[in-house]
Every structure is written in structure tokens, then in C-alpha cells.
């Protein structure tokens, strides 16, 4: 169950952090329709995060930070609001500020394409809960990916300015792409136990799908180096980007001010 | 001493919060020279804030938030890092994000011109400590005001774009200008006791100075309404703008994570 | 095709007959210009209020203290965007585009509800806005479900349903917080103290200072006077405040058995006038935010338009 | 005016005489093109390192946990901007402008120290950068105070003085934290674990893989080999780590009485190569940050130029 818990935590943190970023578009999107659509994606991911964190807590209670005796804070919130940065297990791709709409679209495309492929396999998890979460997630992620791909194409073939921004966004986000497929020990163990998916196994199919989007859009794969590890570790090891600390400061500030609060 | 303490706290919080904002220009300024200059201003204000907060704590220890017994946190830090938003007494002008360089220049001009006029009178405070802080501050604020006025003129008469941005910045910042001169009960009491300055007393002379800068620059006074109070209170009553909570979340996050830390 | 005086008389008569029957006026029907202009102004102001109203609550999405509350808040702000969409669509049936209206909002030529010019300063404000502000909005809006203009009335039915849901969620948040720590209870009380008077102002000036009410009621655009709605709201809120355990900050608030209503004090109408004229605590911030988002999104909207045009070309011949 | 072959021989001889005397070469002096190009490259890289180096530390200014530390950190980042200024000025004496060099930095044609491609993840990193990174920088730079090119050497004297100050401040921060709570001590150790190996890489590849070292030493631009400096740094750091009470993350680190030096393990040179090629944890972030700040500041620089030109006009005739 430690492996299952750690695996669910990684997926849950990915969803939590990206949802947090996307929620920052609320009242800031280019149009009302996009405001609504991005909130939808954020809500879907937040829902997945809650299920995944709850699964992790149920599988291994030792992951959940200790709170004052009698604190009414549920496990999902203890995990989201009372862990420190190094205990978050999300990939680094999801951490940076949203940037402009192009950066957001590119990041969502890369994330959703990879995540959808993982969830399609996770449906067969030997853990029934994860399997059920995956079933729900597949529907949602399909929409997210299609939404992002549609905008990718639109921006690529819209105006000169939108194309310039799309290409800049792609170059900015691309260096964090490989980490999605770099198998972490937890993922390997989860895959071996039949509860999780080795992301390396979906790398090739994801690449084909991305190549399709790129080629339909007439956009070249950027020639930029992939972001390396820090002291041998990446996001899944709790080694994050500089954006993560600030994100958590904001995310956690109210909850931490009231460790015994009811909400 | 309560009056003296409360008065020093208000001035100290102004300096602390504006210093924090200006420090965010580090590595982000339009040029190395401005990076250095803005850091100078931020450092001057931070220095003033420390002296003022220390004076407030010395005059009225009850202002200082209680920390765990044996905590090594000095009073200036207890005040800066462990007070909640409603206990901060700064004017709202200093709270918002920096915006672009024009917004920063306008805000600094409005703040420094008013603060300099206050400090020039505060030199004669019956409180020798405040008087000494004022003497030091007058030199610093003179530089800040001149720096801002020089850039105000430069942007006004630089390019069409810089003039457009300057005017937009002026319109954005101007609504919070009057609050600098709205006498708060604490300021009135401090002025009556001869320890502080009633900011209303400097309004006219500050206005003359600003009018000079505006007219030399050929920029009109913006026709925008002044920002009203919230439930009858303004920044000096602890009623802040929405920017303040986020600012404090970041400012206080590390200190609060280690209430017994030594730094 | 011009309309003669006799034709016009006939059209006016038909129009007034529709109103008298409490029937709906539909986009294809003839309507007096003043009726149309009043409707556009009111619907636009209502749409703008939804859009600007996203800001004070949106301010707390990233700091929501539980994941459940974060989901509820994000969904609520999303609903407001949806309400804005319905209402702009209703306005479009009267021949004005969303772009035009947005332009008027940003340039200050059209208003939005003054309540959104107050800041949200704690998470309790999310609950208080749900309870009091949405509550006041519902009191204002329920009668509008029966308003004479069809598309507006139908939009209001949908909106009111969602607003009631939001109000219950807001109340429930406050109720939960009141069962929490001392600090949370204080946070709720402080929030209610700040929002009570601005919420009362949401019904507009007293009837004797509300010049447009009579015409709007005659046209069936409005169904109750400001003071009637305000009274209803106060009467509804007092027992809710008691259930919560908070004090409403009005020393004159007292039950009047004779009237069968609560007596209550008057909001500071000077403050109201100042806020309406642009001098509230957040007026310039709200408009600057909207303008920034709109300006920053221009290139995206242009790209979508250019893309659609390009797609349309090959198949359009 | 062209220089004949004999002239050139004479100039080369004079130049080499200056180097032999350990005298300074000055901007007005003749110098070989390769010497000039090497200097420009080295000074530019050094200047860029100061500027990019503002980012990892600047990351913590707004979160400094005491006002004293906030002032120290802000002043330090400011000093780095100042160092950048001196160095760009030194490069300008060789005929290249700051704008040109900035352009090359942003487009990736010129490098900066690979250490700044590592993130700062806790406040302890501020101390560790002071202690280890500034320490390594000083070890690299002190010999450069005697470098053959005058303006560079003089800039280095000033810079080294300030860097020593920064290093002491960093060490003092760590020392204070180690006297704090258990969590603080863990934070320091974790930070040292992350920065130790990258700090060792700051001296560049091992001598047998450092092709330019010989020429640079012959020209007096460089005074010690990479490995010599690295050894000196390790020998200096070990007792400091003991004083702090932290462990250096190298199992091979041991005193070798025979050599009178510490033996130590090799950093991961593959990682170094990857980082230099752009694949470190922060390469793209650092350049994107610099590019954004530079682009966003363009209108200000243009305004200043236009304003100066306008001012100059009336008085210049």
C-alpha cells in the first residue's frame, strides 16, 4: 500500500498544482467562453486531485501530516495544505506561472496528452479505486486534450502574433516535457504491482499524437534542451522549481493560519 | 506612549510595505542602473521601517505579537512577520503590485513628496528618536523624490509610448493619493502631543510641489475619483486593499513556518 | 419601411396590451425605443455586475482553505461568467453586441452593481457575499423572472436558480465557520459588519429618490419598489443572522409588531452616491482589472477570428 | 592606418614584454586580436554571471525571514548588479557595448556560470550561495585581480572585496541557522547537499580537459589551473563545514597528510556538460527571465534616449 499511496500522491499532486494554476485564469481569460472552459478544466483536475489524495491517505495514513489533536481537517486537506514543498511529488511541468494564453495552451496540451494515455491504461489498475478514478479521468482528459489541441491549431494558424506567441510558449514549456515520461522508482514499483502505469510505456504513443498536432499546425518541435534534475532528483522526488514555493505560500496561507479551523 | 507607538507603526508600515514592493524590481528593472537605484530606495525605506517599528515596540510593547516563550524573534520582526493584515497600519497607496516602471515612478513620486514634507516637520518631534529617524529620512527621501521626479519628466517627454504609460500610471495611482493627507485620529493625537505630524498640514505644500512636476512635464492632473474608505476605515485603520493579503502571504511565509527560528 | 403615426399608435396599443396581459415581449415584436433603451441599460448593467463580480470572489480561489471550498468557489465564479454570457446574449437580441457593451463598461459609460466596489478581505467574505450579496441579488431578481421582455425573463429564471444555490452555499460556509474556532467566528462577524450596509444599498436609493422606478414598473421591467425589496431582504436576513449567531451592525434594527416588519436604519446614502460616482474602495481597481484582461486577450480573440475566417474560405464557395 | 608585418612583430614583442613584467595592458595599448577576443569572452561571461546570479538570490528577497536578512540580501543582489556594471564597463574598453553583450546572453551565444542554473529552494540556499558559491567565485577571482588587462584587474579588486563580505555574511547566516531549530539545521544540511557538487564544478573541467587554460595563463588572463583552484577551495571549505557542523556530501573526502591536501571525489562531469549545454534545472528559466525583463524595459530605455536627445538639441548648437 505504500507504493500505491506514493503513486496516487504523485498523480494527485500533478492534478492539484495544475488545477491551482488554471484557476488563476478566473476573471482573467481572453473571453468569457475561455474563462468558463479553463475553470472547467481546473475543476475536473481538482476533482481528480481530491480523489487521488484521498486514495493516497487511505492507503498509507503515514503520508498525512500530523495536525493538532482534534483538528477537523480532512486527510485530503492535510495533504494539500500542510505538507511542505519537498513532500509534494508533482512533476515540475505544472508549477510555473501561467504565462500568456499560449503558454497555458501548450502546457495543457503536453500534460493532458500524456495524462490521458496514462489514465487509459490505469483503468485496468488492480486497485479498483484508482481504476474508477481513471475511468472518470479519461473522459475529462479527452476534453482537456482536445480543447488544448484545438487552441494550439487556432493560435498556430491565426495571426502572425498568435503564432509567434505559440512558438515562444512551446519553447518555454518544452524543456519540462520529458520529465512526464521519466520513470520514477515509485512508478516502476506501482507498474510492477499492477496498480500503476510506467509513464515511459506511453511515451511513444504520446509522441505520435503530439507530432500530429504539431504537423497539422505546421509548427516545428523546438530545439531546446530538456530540464535536468537537481541533485539527481526531479519533481517526483520533491525537487521543484523556484515557482513552487511561492505557489504554496499562497495556496496554504489561510489553511495554515487556522490549523484547527472548520471550513 | 501608545500614541507615539501607534504613530510610529503607521509610518513604519508605510516604509516596510513600499520597500517590499520596490524590492521586487530586483533583477527586473529596465536597466542595471535602475535596478541599483530602486534597490537603494527599497533599502533606505527598509532601514526606516526597522527604526520605526523598533521605536513603536519600545514605546508600547503591547503592540508586539506574542510568540512562543523563548522565541528569539526580535520585536521588529515580530511586528513585520507575525501581525495579521488588519493590524498593519500603512496607507493603501503602497500595497498594489508594482505595475510597470511608470506606475512605480508615479507611486514613488506621490509617496516620497508627501513623506519628505512630513519628515521635514518630524525633525522637530518631541520624541528624540523619531526626530533622529526623520533627520536621516529627510536626506533619503529627498533623493527618492528627485529620482522619481526626474523619471516622471523623462517618461512624460520621452516617447509617445512612455507618455501614454505615464498618464495611465498616474490615473491608476492617483485615486489613493488623498489618503496620504487624511488625518487619522492617531496622527491628530501625535501632532497634538508634539511627537508627530498631522499630514493634512503638509497637503498644500505637497500639492504645490506636485503641480510643479506636472506642469514642467506637461501632464494634466487626472480626473479620477479618490478611493473611498471601507466600512468607514482606511489603511491606517487596518482596512486594506485586496493586494495586501497576498503580499503578506509571501512576506511572512518563511518566518511563520519557523516561529522559533534564528536568522 | 417607415411607420406612420397611425401605425405607431396601433403598435403602441398592441405593446401595452401585451404588458397588460403580463405576456412576454419577444425580440421580433415591435417595442418603444425608450423601452428598448431602458432594457439594454438594465440588462447590460446586470451582465457587467456578473463579470465584475467574479473579481472579489476570484480573489480567494487560490487561497481557499479546503479543497472542497476551492471547488465550490471556483464553480461559483464560473457560474458568474455563465450568467454574464446569458445576459449579454439577451442584450444581443436587442441589437447590441457584447463588444460594444464591454467597451462601455471599461470606459465607465455603463455601470455595474456598486457592491462589487468593496474589497474581499478574508475568506469569510466569500460566505458573506453568498449569504447577503447573493441574497439581495435574488430578492432583486426573482421578480425579474416575470419581467416583460422574454429573453431577459428566461435568463433570469436560470440565473435565479443558480443564485439560490450560491446563497445556500455561502450561508453554509458561514455556518461551518461559526462552529469552528474563536478566530473564525470573529472573522465572520467582521465580514458581516463590513457587508451589511453595502448589501442594503444594493436595492438602490429610497423610493422617493428613485426617479426611474415608476416607468420601469409600468413597463413591467421592474415589479417591486426599492424600499419594498429592501424591507423584504431585512425581514428575511434577521432570523438567518440569529441562526448563524452573528449581530447585524444596526442599532435601530428592531421588530415592529404593528407593521409586521423590522424597522431598520438607513445606509449611508452619501457613501452610496460616492461609490456610484466612482469613489468606492475598488472602483478603479475593478475597471483596471477588466481592462487589463480584455486588452491582454485581444490577440487571442483576433487569432480565433482570423482562424475562423481562414477555415470558412475554402468551403464557402 | 594599416600595420606592416615588421610593425606587428615589434608590437607583439612589446606586448609580451608587458606580460613578462606582470604589468597591466591598458585599453589604449596594442594587443593581439586573440587576446582581445578571449578577454571579451571572459569578461562578458563574468558580467553575465553577475546579472543572472541576481535571480536565484533575488528569488528570496520577498520571503526573507527577518528584516535584517532582507536588507542584507537586497544589498547583496544590488551589489551583483553593480559588479555587472563594472564588468560591462571593462568590456566596453575593448570595444563591445553592453547592449551587444546582453543580446548575446539572451540569444544563448554567450554563457554565464553554470552554478546559476540551479534553483534556490529554501532560505538556507541564500547562506549556502554566500558560503560556497561566493567562496568558489572568490577562489577563482582573487588571482584575476592580478590579471594582465588593467580595467578587468581593477574591476576584480573591487568585486573581490565585496564578494568576501558576501561570503562572510552567507557563512554567518548558516552559522546562525545551525544554532536555531532542528528544522533549520536540516534545511542547512539539505542545502549544502545540493550545492556542494555544483560549487566544485565552478572551477571548470579537470585540467586535462580544459583546452584554453594554457593560452589564458600564458597571456596572464588566468593565473591558476582549474584543479589547483578546486583543491584550494576544498581545503578551505572542510574546516568551515566542521565549524558549521554540516557534512559535505562526498564519501571520498579525506585528509591526505602526504599531499598536505584533502583528497576528494569528482563531480558528475556529465551533469556539468549537460548544464553547460543548456540542460540544467534552470537554464531556460534564467534566460527567459532576463529576456522578459530586458524586453519589458525597452520602452523605458527608449524614452530615456529620446528625452536625452531632445534635451541635447536646444543647447548643442
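Which chain is which? They are A, B, C and D, in the order written, and residues in each are numbered from 1.
Note that contacts are C-beta pairs under 8 Å (C-beta built on N, C-alpha and C of every residue); 3 or more make two chains touch, one makes a residue touch a chain.
As the structure is a computational prediction, the values presented were derived from the model and not from experiment.
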If you average the CA atoms of subunit B and of subunit C, how far apart do the two points sit, in angstrom?
36
Distance from the CA centroid of subunit C to that of subunit D, rounded to the nearest Å?
58
At least two other chains touched by the same residue of subunit D: list those residues.
63
Indicate the residues of subunit A shared as contacts by at least two other chains.
245-246, 249-250, 253
Connecting every touching chain pair, does the picture come out as line, ring, star, complete or other?
other
Could you list each pair of chains that touch one another?
A-B, A-C, A-D, B-C, B-D
Quick check: in the complex, which residue numbers of subunit B touch subunit C?
85-86, 96, 171-172, 175, 224-231, 239-242, 245, 249
Going by the contact rule set out above, which residues of subunit B touch subunit D in the complex?
16, 20, 23-24, 26-36, 39-40, 42-43, 46-47, 49-50, 53, 72-74, 76-77, 80-81, 100-101, 153-155, 157-159, 161-162, 165, 250-251, 253-255, 258, 260-263
Touching subunit B in the complex, subunit D uses residues 51, 54-55, 58, 61-71, 74-75, 77-78, 81-82, 84-85, 88, 98, 123, 173, 176-177, 179-181, 183-184, 289, 293, 296-307, 310
Residue set of subunit D touching subunit A in the complex reads 56, 59, 63, 118-121, 190, 193-194, 197, 271, 274-275, 277-285, 288
The answer for subunit A against subunit B in the complex is residues 84, 245-246, 249-250, 253, 256-257
